[in-house]
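In the two assemblies presented below, subunit A is common to both, partnered first by subunit B and then by subunit C.
== the complex of A and B ==
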């Protein structure tokens, strides 16, 4: 005798709420995707249509024919990867020291990092422009990486500090008792525990640089132009090429989606890190 | 022998160095690069001076040039700017008056020459210009049955509209339910609710001495011309119902797409759109063009020119000015570009009879019309439009506001901005 499965109302409600939440976030992206596969003449319809009447990949073909977009994608990738690497190499040890060896100065240091996040990037555009110009770094990859790093480090620092807060100090002390130097304890014991947190921070840093527009606009010209600038160029004063623009945006979003899916386990682990700290 | 070789090597080094110096950098929006590429290539071939284009999105020209000015030095020798920024950048660019020879002055539509002048200084040379003209469905206008019914209903022949009344009549006539489902699915035209330039063109057609501000900088947005123009502008939506209802969602792109998708019979639109009609569009090969509408003051439009300016901080001012002089002398070279625009009368006339360039005659007629003139040359122009003009147009398009009151309120807002 099997008893009929019980209807779990609360589970259904939670799943329904989750579905609504996911849809509310995903709908704009799905609309973008749908627009990218509409024929150019159907992209802006009145009334607007969500699904394409005819599926066309002409917009993607047009984007692929672009002479500037492939180079801009490569520039974006190089800048985002270098910015992520540089930001993490600065922020991870800094956050560790600031949280594990807490002094008045480290608290001020973290507060200062928070304050820099409050300054609108547009206010920093011209000073950065002048600074990089005087260093001869305008329209260069290192110049843009430095500019992006200046914006990404405070974010990485704050995120990593939150993750390091969940690490018991005893972990390093135990490693020290087993003969590790302070640096060895950090590298061999603490860092492996922090992979989830580092993955989350790396992802956010990567996205910050990948999507950044203003600094890329002001600090680059032709040689190092990144993809967000080239995508924006589809909105010309003589018309908005919605089809090509959405196709380029879909292609541009793919690396971030792939990286997020690839690092899903670490990200979830990272986001819940310390959540059950006793 | 060694001495000769050494001297030759040194000469080569100097020549190479001077060749490198003869490079000018141009900051331009995407469409502008296309229009100036052919000129740049010919310029390089004839002078040896290299031309590099830095292409940025529309707003990027303003942002990047502003950053350059703030930094006190410029990587750019020529910047191609929209006319709406002329007043803003006037103090940071060279006076190009010497380049405006009598021949060039005579070859430019008067409105373009007037827009180049800021505080008695000719700050930029027009690269190309655009204006709104009338686009209509030639296939519908040529149809015998339509002609017959229209004549019977309105008492005059169906033809491309030239007056405000004809525009309204024809728009009403073509607005219909083509599939008999009880809903209108084809409109006579559109009304743009997210930009105000089209209304400004009607203001000039109505005979106002200026748009928003007069030549002394006084606010005239509440004068009779502005009122009449606004009443006309909202009438297809509020009275005739000959346009799609969602007017405040209709911008240039939407208006253009409605026409390309075969959902409107006419549109007022920038001339370049004629050459850019998609070949796979329902209306390809069926488009006719005519000059912009005329009011009491005749045909009038707000031109959309772009100007080549030389930043005061440029390191290669002479080469930059040389390029600008060359570009205006060879202005017709840009016409083969996809946007197919020019600035001079002679450039437009040189293509006027060619197939595919049927829009040039009405475009030039509109650009050169005596009542055509530019937007107010004021540094706060964009703020005035965003804070006062566009809200006024949108309020009028609700069909519930008194046009006179709306414009009086706009006047107060503009005076606050200016003071």
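== the complex of A and C ==
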């Protein structure tokens, strides 16, 4: 006997709740997108409209013509890529040792990493300024990379620790029995298994640096300014250039969206790592 | 191939926990040695120390004639099969099996031929291009074996390799591993908590408890001549029944039952001669207690039946013997829920005893075991 397809009320409710949640996240971004494609005159109209009456790319043309933004984009990209590389090269091996060779000291080490996340960035801004100044790294790309790395490493460390917790110790031991040194076992066996986790951590580290505002504001001036600073500068003493600002913000968000979509499979794999027994 | 020698091996962890005490014995070249014991007895620690995955606090470990205390696992020329198999999930079966050969720097043609040979022996040929996630538990176990045998190492170490398989597959794989080991004739150390695995697979079995080696011997000798009550109770299923009793001359008093011990027992155990009113621990294997209605004996006791488990080929009869029962000290042992005084007897399926009956039990008195109450060691 065939039963008629039943209306699954709970599934509808769950999907509706998910839709509301997604919209609440996406709405500001959609509004940003809509504003960026409005003609300059429509941007500041009262009352404001959500959708543009006419689609115009005038704002995009304006920001592309500006002399500062392309340079700031390149600075942001260099800083974010170097920060990600440096943070991962420190955090991945550190997290592995902290989780797989657990001692009292490694627990304290991880706890300390957590504590550093609790200190407000603004409190660290001044000491960082002094430190970089004394090292002659103020207003330099390496200086900003070091500052961003100091903020990104604890996050990367905590994320990678969670991923490494899900990996059986026997995997490294089997590799050592099969002829590997500890480092070879880590490089040839453990790292390839962890690609999903590393991809997730790399993405979050990249975003941390890409979106970072405060350190960039404190530690850079003209030459090394990153894009968030330049975007904020559209709000100047001469007025608020909403159209250009939103267009620059949309352009600035694109790399992260593209990278996220490109790494989607690894991210989902990484986020569910260890949840399902293999 | 090589023999393995352990001399006064100790393991003390950083928290002062003494996991292994003066472990000493030899494993002969080509021998299948099984480490068995309850949880926490130190059997896996001992195996991991032989593998080089745990440091040795004191003592000497030699493989072949080489002292290997401080030698890296990769340089010990031994292969290990892990309980979880530890297959590399990102590699195919072929790449998994080939990995140790690749690390050894063998030429590609030799690697290919050795992998094919191992796959043929283990019937993995059709699975070589699959990832471990697509294999069943039994197939994964075979791949782990393949990764071990392909290297042709001096010794195999196996840490409870069958414990993740279902009961039927476990029996099949047990026979396959034992026959493979005989075929390859490679020194093998196999860790298990399952005494049936230990008895059926090992040339010799090392029984451990609380980090102390209790006895190393052939399965038959462990069963027939246990050194102490722990080994006596641990080896054999159901366990040996252990009771406090009193021996006076040739008469044994077991609760309210009295019976004569045959002369042959005193010939085998001269220390029992001339004993007067001496407290002993007596051990009776389940198969040495029969239904007196079917197999009468001069040594009979009677006891109420608390439970009968008919298994077809035999019946497990739980009896309430009115003598103080002795705890053998196995932390994993499950107390008989029918009664704390319960003994288990293995009756013929023809027996008609039922729960609640007062059964007459014929004890095979020649097969009784005797232990010192103080030291808990065998009296010989």
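One rule holds for everything that comes next: the second predicted complex is superposed on the first by the 263 of 278 C-alpha atoms of A that agree within 3 Å, B and C clash if a C-alpha of one lies under 4 Å from a C-alpha of the other, contacts with A are read in each partner's own complex, and residues count from 1 in each chain.
Keep in mind that, in the parts below, a residue touches a chain if its C-beta (ideal position, glycine included) is under 8 Å from a C-beta of that chain, and two chains touch if they have at least 3 such contacts.
Every value quoted in this text rests on a predicted model; they were computed, and no experiment measured them.
Superposition of the two structures on subunit A leaves subunit B and subunit C fitting side by side, clash-free. In the superposition on chain A, A:180 contacts subunit C only, with no contact to subunit B. In the superposition on chain A, contact of A:218 is made with subunit B only, not with subunit C. In the superposition on chain A, contact of A:50 is made with neither subunit B nor subunit C. When the two complexes are overlaid on their common chain A, residue A:25 makes contact with neither subunit B nor subunit C. If you count the residues of subunit A touched by subunit B and by subunit C, you find the higher number for B. When both complexes are overlaid on chain A, the residue A:193 reaches subunit C alone and has no touch with subunit B.
Put simply, subunit B and subunit C get as close as 47 Å, counting only Cα atoms, in the superposed view.
Comparing the two interfaces of subunit A, the one with subunit B and the one with subunit C have no residue in common. On subunit A, the positions that touch subunit C within their shared complex are 168, 170-171, 173-181, 184, 189, 192-193, 278. On subunit A, the positions that touch subunit B within their shared complex are 39-46, 68, 125-126, 129-130, 133, 138-139, 214, 217-218, 221-222, 229, 232-233, 235-240, 242. Across the complex, subunit A is touched by residues 51-53, 72-74, 78-80, 82-84, 86-90, 99-100, 103-104, 132-133, 147, 151 of subunit C. Residues 25, 29-31, 52-58, 60, 63-64, 67-68, 70-73, 75, 82, 130, 244, 246, 250, 252-254, 256-258, 260-261, 263, 270, 272-273, 276, 278, 280-282, 304, 339 of subunit B touch subunit A in their complex.
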